[in-house]
Each structure stands twice: as C-alpha cells, then as structure tokens.
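Both complexes shown next keep subunit A, but they swap its partner, so subunit B is in the first and subunit C is in the second.
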Partner chain A sequence: MSEQNDPMAEIRASFFIECEELLEALQDGLQELDEGGDDPETINVVFRAVHSIKGGAGAFGLEALVRFAHRFETVMDEVRGGRMTPDADTMKLFFLAADHVSDLVRACRDEAPIPESTSEELLARLDELLGDEVETEEADASDFTPLGFSMSLDLPDLEPEGSTFEIRFKPEQELFATGNEPATLLRNLCALGEATVRCNSSELPDLEDLAAEAPYIEWNITLKTEAAEAEVRDIFEFVDGLCVLEITSTSPDAGDDVPDVDIDAGIEVPAVLEVVAPSPSQPSAPVSKKSTKDSGEEAGGEPESKKGTAPAAKSVVRVDLERIERLVNLVGELVINQAMLSQSLDQAGLSPHSDAMNGLEEFQRLTRDIQDSVMMIRAQPVKSLFQRMSRIVREASAAVEKDVRLVTEGEATEVDKTVIERLADPLTHMIRNAVDHGLEKSDTRLANGKSRAGTVTLMAAHRSGRVIIEVTDDGAGINRERVFEIAVAKGLVPPDAQLSDGEIDNLLFLPGFSTASQVSALSGRGVGMDVVKTSIQSLGGRITISSEAGKGTKFSISLPLTLAVLDGMVVNVAGETLVLPLNVVVETLSLGPEDVQMLRPGAYVVRVRGGFVPLYDLGVMLGYRAHRKTDAGAIVLLISLDDGSRAALVIDGIQDQRQVVIKGLDDSFYRAPGIAAATILGDGQIALILDPADVIAGMGNPRGADIMLSERKIANE
Partner chain B sequence: MTLTVLAVDDSRTMRDMIRMALMPAGFTVHLAEDGVHGIEVLGGIAPGDIDAIITDINMPRMDGFGFIDAVREQYDHRATPILVLTTESSPELKMRAREAGATGWIVKPFDPAKLVKALQMVAG
Partner chain C sequence: MTEPLVLQQKLDLPAAAPLAEELKARLDSDVVVDVGQVTQIGALCLQVLLSAATSLKAADHSMSLINVNDRVVEQLAQMGFSPETVAEGRV
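Then we have the complex of A and B:
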C-alpha cells in the first residue's frame, strides 16, 4: 500500500484527539462520582474511557501509557464490579490518576519525556487499593503486550520439511450456533497443503428423521503440509471445545500409530468442498436462547435500560482547522465584496425596487447567514477549558494546602476556538492567584466564621454580544493598604497619591507588581497580572477587577464573540472614518446647545433623559483635532461600558451600520490605546476599529467623572 | 479474497485501525460506534452482502454481547461469522463470547495481517 500520506500518522493524530475527548469524559465521570452520583453508567463511562485509551495506546506501542492505564482500569473495574467503594481519598487518587493519564497522553503525543516517578508513585498507590489482587492482575497485564502497529505482512515461518497430519474432526451442535462453518474450516485446512478429506456420514439418518441443525457428519483428513502442528491447530482455534478434534502427526516410520478410522461410506473430497453436502450449518430458532441474562454484567448494567438514558452518539465530522481558517477568510472577503457591490449599486442610482437591488438584499441576507454558520463552526463550549481549570485548582490547592472547591457555571457557553485556546494561560494564572492569594488558609477562614473550604467560581456567559468570563473567590478580598504600600515601595505611584479603591485594585495590573511577599511555588513564576491583562487585550478583550474586604475578589473578563467579524457602526470624525462595535452603542442623539454642561474646563457632561453622562469628543481624544468651542449640532453616541456605566461620544456623522471583517494590526504597530483593529470598507478604504471603553479609559476614569458629578454643583456653560 | 465486513467499536482510533488494516486488503468496511448503531448499520446492508462482523465488547448503549445476541436473533445472520475484538484473552471472556454466539476472537492490539487472515478464515 502507499505510504505517501502516512495513514498511521493520521490515525495516531486522531487517536490523540480521541484521547482528549475520552479524558474529558473521564474527568466528567469522576466529577459525577465525586458528587455522589451512583448511576452505574457513570462508572462504566469512566472505565470505558480508560479502557479505550489503553487500547489505542497499545496499538501504537505507548508502553508507559498502557501500563498506567491498565492498572487504573483494573481499579476502575473493581469499582464497577462493586468490589470497591471509593471514599473521598480514593476519589482524590482517581483524579490524580486521571490527571496523570492526561499527562502521559500529552507526553506521548509530544514525544516528551514520560514523568516516570509520578507514574511509579501513583501505580504504587493504586496497587495499595487493589491489595491482594495485584498478583493476579500482573499476570493479566503481561497478557496485554503493546504491539507496534505495522502494516507489514509477517508471513508464518514455514517448517522446512513436510509432515503429514491425520485429523479427525466431528462438529458438535454448538459449533453451528457460533457461526462457524465446517466447510470453511476444511477449506482453510486444505489451503495448508495437500489434503485428502473423507466424510463419514454413517450417522446420517433418513431424511424424515433428519434435524437440520444436528451434527451427523465426521471428517477424517490426511493433510500433507509444510505447516507446523500449531498452525494446523490454529485453524480450529475458534471451534476448540465445540467439536471432537484429534490431530496426530505421522512421520514415515510411525505410520502404524495412526488410529484406524472408519472409512466405510467415506467420500473422497480432494479439496473440493462444494461436495461436502448436506451442509449441516442450518442452525435455527433454538440458537437464540443464549445468555441474555448475564450479557449486561460485563458492562455493568442492562443494555435495555441504557438505551433509554444514553443520548445517541452525535455525528461529528472532523475538519482540519486550516480548512476552516480558509473558509473564514473567504467569507471575510465575501463580506467585503458584498459591501463593495452594494456601494457601487447604490451609487449607480438604481431604484430600490429594481431587480438588482432586490437581488442584492437577498445576497446580503445570505452572506450574513453564511457568515454566522461559519462562525458557528469555530465556536466551542468553554467546558474543556473549565475542565482544565478544575485540575489547576486541585494542584494549586494541594500545593498551598488549602481546601478549595471549584464551582463552574455556564460551561456550555460557546466561544471562538482561538479565544478558548488563548484563554488557557491567563485563566490558569488567575485561578492560581485566587487559590494562592485570594483564599485564606482554612484556620483563618474558620476563625472568620467562613466555611472551611474556599470556593473559586468560574463563570462564563454571553452578555450584550460579548463573552463574559468571571473568576471569583470568596477569600479575604484585596488588601488595599498592602497593595498601595507595595506600589509605593516599587516606585509605581508617589507616596502621597490619593487613589480610589478601584484605582488601587487596578495597580495589580501594573507591570512588575507582585503582592506575594514570599515567592510561592505557585504564583511566583514571574508572570504578573500585567501579562494576563496583555493577553486578554490581544484577544480584543478587557479585564476588570472588583473586590470587597472579607467577601472576596472578582476578576471579570469581557471578550468579543469572534475574532473575525464585527457588527460595526461606521462613523466620521474630523474627516476620518472609524468603526465602533455596534453592540456598545445604546442610542444616538443629536446634540442641542442646552444639553451640554461643563463641570470644569475640558470636562463635560450631557443631559440624557434627566440624567448626566460624561461627554467625550472622539476627535479630541484620538488627537485628530483640538477641542471645539461648542459641540452643538454634533451627533452623540451613547455607549454602554462593561461595568454598566454609560458615556457619550461626540462624532461628526454616521455613515452606515454594517458587518466588518476584523483585520488585526501588525505587531510592529505600537499599541495605540483605544484602537482595537482595522478593517477594509466597501470602497476599499481602510478604517480603524475602536474599543470605546479603552478610549475612555485612556482619558481617565469615567467613574471619576461620576463622582465629580455627584459632588459638584453643575454650572451652565 | 476480499470481503465486506461490519466493524463495531466505540473507539474511533480502533475503528480507524480496523479500516486501515482491512482496506489495503481490498475489503469493504462498514463502521458502527456501538451495538445499537451496529444493528442499524447492519439493517441497511442486504444480508447476503455482509461476509463477517467484528465487534468490541465494552461499548456504551449496547455492549458486544448484546450486539452478538441481537445479530444472531436475525434469521439472516444466524450463521454470519462474528469475531470479537478484545483486550483480554481470558478463557471466561471467550466462553461468554461463544455463548453469545461469537465465531471467534481477536486480541487487541491486533496485527493487521492476522485480522485479515482471521476474517478470511471464518468467512471463507
């Protein structure tokens, strides 16, 4: 066969993908068991996951993985068989073992060194659980030898000199119930050499007494072959115990030892098996008695009951991510093209009721549907990400000896695959921080009237067109005095700075800030929250922090749904064309002279339905123009910020609302605050995409303006 | 001798390996993910068109024993050769497979050539 595409490498790759799914099922199953689930199918799922990993690993000769999975599977089998009831400590060990299987899988996949010492330690602990069983299991383990899967055909070694076998073969009734067929067996036998087959049909009754499925016939075969006796026996491997079988080897001088066989009424059948009529392989109804009663045991449950509860397997097509990437890009081009087309048709002055315009409308709708569908392909539930975090919590809590419970919410929330991948590191860091710095030690918690175990909550949700991910701990909250001290000590803020609580909290995101006075094994890795913030920003996201003394801390990440397309509002500011994400725009207003009020020079608010909202001139903020005397007559976009507050942006005009394809800015550009990305508009023009919250953050804390509002009397301009 | 085979295994890797082992030998391979699915797939193939069945034991929804039972209950398949793919080669397992109506067994991990040969031998 052709090795061009290296099918084995493909299967190997697909095996590792399958492993990820199995590991997920394993994790889920253990979680369920840990939470007291006693559905027998749960333990079955856990068992099967380990079993399948072992099976595949064996096929690829991944010995370390096979060995570990085998022992894990053995223990799971004990649980499944009801011979072992796992207590809390055992469950912890199971989780560790599952994590280790996952490590081994990855090590094998990346051809990285195998963490053998952990293997040995965990194997020893698993053995402890098994107790006396180990001895017998060891034998079984050796039965399962990994085999490098090779496509080469290894032909059996042929015995150099020929020998002759006398074979007596008399099927018993059960042979027919297993789908074995004497004619086939004889044909296989004949294939080994030169055979003389004699059929003894002396027991065959008269036709009216003949039972179709009963065995009446016996065969005597003389086989001259170069094959070894083992090979001859191999032919009958599957019918061993289902027939009378005598095989004797006759050497030329031992011919006398051949037992006499009754050959009267024998028919010569020299390898032509069609002659072997009447074929007795006619089992009928009675065959179906069998072992329905105990057939469920091996899998631990009645197959019938499972049918009802288990969801049917989802049919899934695996597609190379590159192909999807290509599709996404093409759809992006399609969107741009469609925009260009609409623009030129528009400029051609066609009647909106013309066929061309109607067609265009349909085209727009279809483009949009295609785009949505393509984006759906890339979306994945955050569940896999959250599962990885549960492991981080387990490891982190063990390292700092704290009791920590991880609660996850919104696991089904779907997010772009790339976002999920790139969130893993920041989230890991945040979780470690929460466990290490956020939560108190158990005795401190108890002393403060809290539960002994701390809780870290990981939540995902869709909110106003973005994905929100929150990491919350119920710890002591941010020690603001300490944070301020450290910031001063590190020269990050002047000692006499007057900072609000929010501003102090935000010091955590400054580069080089670390509150851990002693570098712990966990979070003291030289990676600070500033790196987390940068990674989130590179995904077009924002991170905010809120904390309450004694109650805990919450980090909130807000991310765009997709990295590829944006529903945007195209606006003009000081002669520039800019795009704002449509989902932040709450309202558009036309500004009258009496609506704007000045708090102090340069700080304005606008009256919106009786309330006041801080007003910013986009043109000024982006450095396109100097401050104008009056914004009267300008258009104002009322936007909502992540924390629920509002702001008003002054622009010169609104061009359009449309979908734009996000084109990332090259890294060689300096990251300008407020600029999220760029896009190509329908007319081929390049426009910058703004992140309004970031623009405003660059102008100072909008909440600062709120505070000023509440404290000062507002003077008319 | 090329055959048409139905392979039932819940592990995608195993299904891939079976396919990879049999396709080069010119076999036509139908795949199913568990016993229930196996019965469905089998139902879509004319009985005379299937030469042999391979099945895993440990599967969700319907395990290998249940599957073999269900296949044998179909009159057309009362004598269709069924090989059990198993990681254990314990005599008990073989006995149980045989009681259910299995023709023979192949121990995993399997050698592709041996799988081909075993199928040719039972379905010859």
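Then we have the complex of A and C:
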C-alpha cells in the first residue's frame, strides 16, 4: 500500500489535528479551574479531553501517550468524582501534566523520542496524589497497553449497583473509516463488568461476495456491571453516529435520562442512532451527539433524538494547507487578471455606463469577496498561540522563581495562519524577557508596594486593518541609565550621545545587546530582541516599546492582517510606479509655494492645518532623482505611522487606489531599504511596494552614524 | 494441503482487503491459518475469516487456526468468538 493512500496514515494525521483541539480545551479547562471555576462541567471538559486523547492514542498504539494520559485521566476522575480537591500545587502539577501530554502528542506525531524520564517523574507525582488507588488502576492499564482504555469502576452515580444492560451494537462503514475498531469498543465494554458477547453474522456473505471493508456483523452484549449507563455509553462516545447502538438497562430507577421523544424500537436508519422506546422500567437514551470538544457530562447531556435525520453534518472540514495556499495564489492571479481586464476595457474607450463596465464592477466586487473569504479560511484565532505562551510563562516563572500570572485578552482575534506560526518564536522570546527582565523579584515587588505576583498581559486586537499584539508586564520598567551604559560599554553608541527615552528603549533592539548582568537559562544571551525585531519585520510588521519606570514595559507588535493582498495607492514618482499601503495615507494635498518651510538646508517641513510635518521627496529618498529647487505644485501624501508620527511624502501623481497582490521579493534581491515587496499591476508592469516607515527611517540622518540610523529607524517606526 | 497462511501482526482496517484476496485464492483446498504473530485482530478481518470459513465449509473444505496465542483468544472472546467458532464460519 502506498504511503499517500494509506487510510490509516490519514486518520492518524487527523487524530493529531484533533489532539491539538483537545489540548486547547484541556488548557482552557485547567485555566478555568485554576482561576477558581467550580463548574462541574469544566472538570468534565478536562477529563474528556484527556480521555479522548487517550482513546485516539490507543487506536494508534501510541503506548507512551496512552499510559501517561490514562494515569492523568485517573487523577482527573478523582477530581471529577469530588474525591479530590486540587490545591494550587496540584493545579501546577496538572498544568505540567497537560504540557507533558502535549509534548507526548508532538513526539508521537513526529515520531521523535519519547521523553520517558519526564513521564516517569510526572507519573510518580500523579501517583502520589492518588495514593493507594493506583494499584488497581495500574493493573488495568498494563493489561492492554496498546489499545487499552478502561474506565475506573468506582464512579459514584445514580445508578444502583449491579445493573444489567442489553446492548446491541452494529458498526456502520463510517466507523471503520474514522479509525475506530469494534474490537476495542467491545474490549472496553468487557472491562466494565461481566459481559456475554454474541455476534450475529447472519448477514455475512460468502467470501466471493464480501466487501472486505464493509461491516456485516453486529453484536448483542449482555453486560452485568456496577457502572452507570452513562459510562457504558461513554465507551461508544467516539463512534456516536457511526453505528447502530441500543442500550437497554434492565435495572430499575435509572430514570434521569429519559429521552424526550418516544420512538418505536427497531427502526433502522443508516448511520443514525437508534432509540429504543423507553418504558418506566427500561429507560434508555440515545447517545447524544456531541463533539468531543464540547462534550459534557454524560448524565447531564440532553438526549437528542436522531430519528429520521441524516448524521449531523460535520461542522469542520480539515483541509491541507497546501490546497489553501494554492487557492490563495489563484485568487491573487484573479485579482491581477481583473486589474488587467479593467485596464484594457478602459483603454478600449468604453463608456463607464456600458454593460461591460457595469459587469466589470460586479466582477471587481466578487473578486474582493472571494479574496476576503479566502483570507478568512487562512485566519485562525490567536488562542492556540496564547496558550502556548501560558506554558512559556509557567516554565519561565518556575525557572527564575518568580510568581507570574499571565492575562490574555482578545484570544478570538483572527490572524493569518502563517503569521501565527511565525509569531511563536518572537512571542516566546518576548514573554521570557518580560518574566526574566521585566518583572522584579517578589521581595522587590512587595517592597515597592506591588502585589507579590507579577502580571504579564498578552493582548491581541484588530486595529485599522492591522493586528496588534501587545506584551505588557507590570514590572520595574526599562532602566534607561543602565541600558545606555551597556550600549556605551558595548560600543553601540558614542558615550556623548544625547538620546531621548524612546531612543534608549530602542537600543534594546540592537544586535548584540543584552542587559542581563547575569546570564540566566532563559534569556540574556544577547541574541534577543534584534532577532525578534527581524522576524516581526519579515512579517511586514513593526515592534515598538513603551516603558514607564516603576510601572512596567509594553512591547507592541503591529502586523498586516494578511500577507497576500494589500489595499494600495498607486503613485508615480520620477517616472516610476510605486505602491504605498493605503492604510498609512491620511490625506493628499497639493503643495502651494507658501506651504513649505525650510528648517535648515535639506530639511523641510510642510504646514498642514496649523501644524508642521516633515517633508520628504520620495524620488530623492529612493535615489530616482536629485533635489529639485521647488516642490511647489507637487502632490503630497500625508502619512501617519504606527507610532503616531506623521510625515509628508512628495510624489508626482496619484494613479489609482486598488488592491494589489503582494509578491515577495526573492532572497536573491538584497533587502533594499524602504521596499517591502513588489506587485504586478494591471498592465503587467511590476511595481515596488513601499514601506513608508522604513523609507523615512532611511532618510538623511544628521548624526550619520550607522548605529544611529538603525536606532532612528526604530524610533520612527 | 498447502502451506499455512501466516497472518500479519496487525489485522486492522488496511489489512482486511489483502487478507480477503489471499483467502480467495485459497478457497479450493483446506486452509490453515497461522495466527502466531497476530497481536491485534479487528472486526473487519474477523469478518473476512468468518466469511472464508463459511465459503470453505460450503465447498467441503475446512479452515483451522494454528499457533493461537492467549492474546488472540482473548480478543476473539471479546468479540464473542473462540478460535474454533471462527473456523465454523457464519452463525
């Protein structure tokens, strides 16, 4: 069987994707518990997440994962059953365990070596929590490690002891296609108690007529167990909707989950759960259809009737990222193509009211809609990223023995998937910096009248077409004197330089800068913030610092929403066509002779509504032409930069405002200052996309030194 | 009698169709199935074995399982079978 077509490989891949979601739910739940949430549903969510990971892992024989998840689950079950109340230390352990589950999942996925020693250590600590009970569980777990998942038998429930269940279980084809195995389900069922399994294979055809992957057989099981009906149903949780399942309890008084609808027994609807008519003595509920992610307490879940309905449509489709990339590229081409078409219609001299032009307008709108929709496919909430950061905070704070609380805001903010992936490293670094350098030690905090625990806030939001991500700490703020001293000591700035606060802060971004007098395990290797800055810049973003002594420091990252398309203003400068991001352009002016004033030779300002804004000639800045005697009559774009500063750029003319497709410049072009990327215009011409902040930063600097230039650049950004 | 058919370790979904093909090729004589290496037997492969046993029986041949280990016995039992009842075919 070839690798690509291996159905197991596909199922396996989707299991790992699902794991990511489950891990997310797990983190969320733990977080909520940690914050004192006592909703029984929360612990259930946590329990289910671990349980589902274990179940899936079992199906793929991921032994290490099953083993760990099983024990973790057992502890969770204790909490769920109210036999254990987690204290702060226990919660820390739970977080560690959750982190470890996620490590194991990744190790299994990448077929990397399993971190056995950590497993053992955490397992030992989990066992301590469990005390004696682990003995019995252990036997259970080691019995059938590759596939085993067994439920603990001591759950208190409403069910009387020693119920008998009649279970009819008939797998549908989908059950197999999703990687489930009746054998496993039956085994788990057998583990619940004393089971008599009868297989009905009467529909099985002769070998000649057999379709090997179609199910023909069904099972009738009589199960004597102390477990509750909910637990029995739990076993079939993962195959809900993929089989015909009838569970009839012959025990009295299990009346808390009588279904709302009475349905005749024995109606067969393919791939739909069957419901047996409940009678007072034989209550039965269909397994309620729940996604594993939000599945709730079994007994509390509302039974839903599935009679006569098709299996609930899956609300999520997993698509290979490559396919989306292809779609994005195609849409990019479509945008270019549409621009070309509109240009040629224009040249053909058609009336703007002609049918063709109207049609074109409609076409443009559609293109834009498609564009937006495609971008939405790629967008993902930053939540997963933030969750990773909470782990970083936990690990970092433990390493430097500080008490740190991570507050996240705007987790639902959606960002392009690529951006999320590429933000992980810089954010990790920034968070570590905040914990290590930003926050003071606990005693210092207390001495300064602050709370013992420091707070790191991670915030994401959409602001005017860009994504803003902020990392804020409530620490001591940047010690500017010290930063300056270090910069001087390292020869990064001349000792007599007069720098503003902002300029000093930005020294942190210089390559080779590190303030930590002690190099800790976490940060302070001097490869820090300049790398962060470079990676943010490579995403078309910028990073700024603001800091207040004694109050804390804020790093703010601003990123474009998408890396594929940009609303741009197409302008002419010295015979060249250039594109400026539309969102920086505040207004356009035409210059009168009295508007421009010379500050000193070579430095001009323009008067705009009573204020003065530095004036730059784009043509000169980019080296297209020499200084002109007068800029009178030229057109000026007033642009506003991320740090709130403004600048005026002299251009020759405005061509158009339109969406342009960003085409990254290959590495073989050196990174020209001020040029962000390129695009293809409607006439097939290539135009450079400018990064205005970078252009202005590159503008003549009075002090001239290269270091100053780079630091200025940051200040201007 | 021909060589025993040695089954692979994992008799899961991907194993079902090849197993059916192999058995189809052997329907003209008694079949000895060696399950000595089997660690995991799934429902689909069980079906294939049952179906093959049924077809063999109809043609007056027999099927037998050899080298049955405890694991296989236990897994078959959990699906309501024993090595002998599997060889009997359809019930």
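The definition used in the following text is that the second predicted complex is superposed on the first by the 522 of 717 C-alpha atoms of A that agree within 3 Å, B and C clash if a C-alpha of one lies under 4 Å from a C-alpha of the other, contacts with A are read in each partner's own complex, and residues count from 1 in each chain.
Please note the rule applied: a residue touches a chain if its C-beta (ideal position, glycine included) is under 8 Å from a C-beta of that chain, and two chains touch if they have at least 3 such contacts.
This one's a predicted model, so the numbers in the text were calculated from it and none came from an experiment.
**Student:** Identify the partner contact of A:14: answer first if only subunit B is touched, second if only subunit C is, both if each is, neither if none is.
**Tutor:** first
**Student:** Mind working out whether A:419 is in touch with subunit B, subunit C, both or neither, as first, second, both or neither?
**Tutor:** After superposition on chain A, A:419 lies in contact with neither partner.
**Student:** Which partner does A:622 contact after superposing on A: first (subunit B), second (subunit C), both, neither?
**Tutor:** A:622: touches no partner chain.
**Student:** Once chain A of both complexes is superposed, is A:439 in touch with subunit B (first), subunit C (second), both, or neither?
**Tutor:** neither
**Student:** Look at A:219 in the shared chain and tell me whether it touches subunit B only, subunit C only, both, or neither; answer first, second, both or neither.
**Tutor:** A:219: touches subunit C, not subunit B.
**Student:** Counting only touches as set out at the top, which of subunit B and subunit C does A:199 meet: first, second, both, neither?
**Tutor:** second
**Student:** So, does A:392 touch the first partner subunit B, the second partner subunit C, both, or neither?
**Tutor:** neither
**Student:** Tell me the contact category for A:176 with respect to subunit B and subunit C: first, second, both or neither.
**Tutor:** Both subunit B and subunit C are touched by A:176.
**Student:** Once chain A of both complexes is superposed, is A:187 in touch with subunit B (first), subunit C (second), both, or neither?
**Tutor:** Both partners.
**Student:** More residues of subunit A are touched by which partner: subunit B or subunit C?
**Tutor:** Result: the larger residue contact count on subunit A belongs to B.
**Student:** Share the list of subunit A residues that count as touching for subunit B in one structure and for subunit C in the other.
**Tutor:** 1, 7-8, 146-147, 176-177, 179, 181, 187
**Student:** Mind listing the subunit A positions that touch subunit C in their complex?
**Tutor:** The touching residues are 1, 6-8, 61, 146-147, 171, 176-177, 179, 181-183, 186-187, 190, 195, 197-202, 204-208, 210, 212-213, 215-217, 219.
**Student:** In their complex, what parts of subunit C are in touch with subunit A?
**Tutor:** Where subunit C meets subunit A, its residues are 12-14, 16-17, 19-20, 23-24, 27, 39-44, 46-48, 50-52, 54-55, 58, 75, 77-81, 90-91.
**Student:** Please give the residue numbers of subunit B that touch subunit A in the complex, ascending.
**Tutor:** 10-14, 16-17, 20, 24, 33-37, 57-63, 65-66, 69, 72-73, 78-82, 87-90, 93, 96, 98-105, 108-113, 121-124
**Student:** Within the complex, which stretch of subunit A touches subunit B?
**Tutor:** It comes out as residues 1, 7-8, 10-11, 14-15, 18, 41, 44-45, 47-48, 51-52, 54-56, 58-59, 140, 143-144, 146-147, 149-154, 174, 176-181, 184, 187-188, 235, 237-238, 241-242, 281, 283-284, 287-288, 290-292, 294-296, 298-299, 303, 306-307, 310, 312-313.
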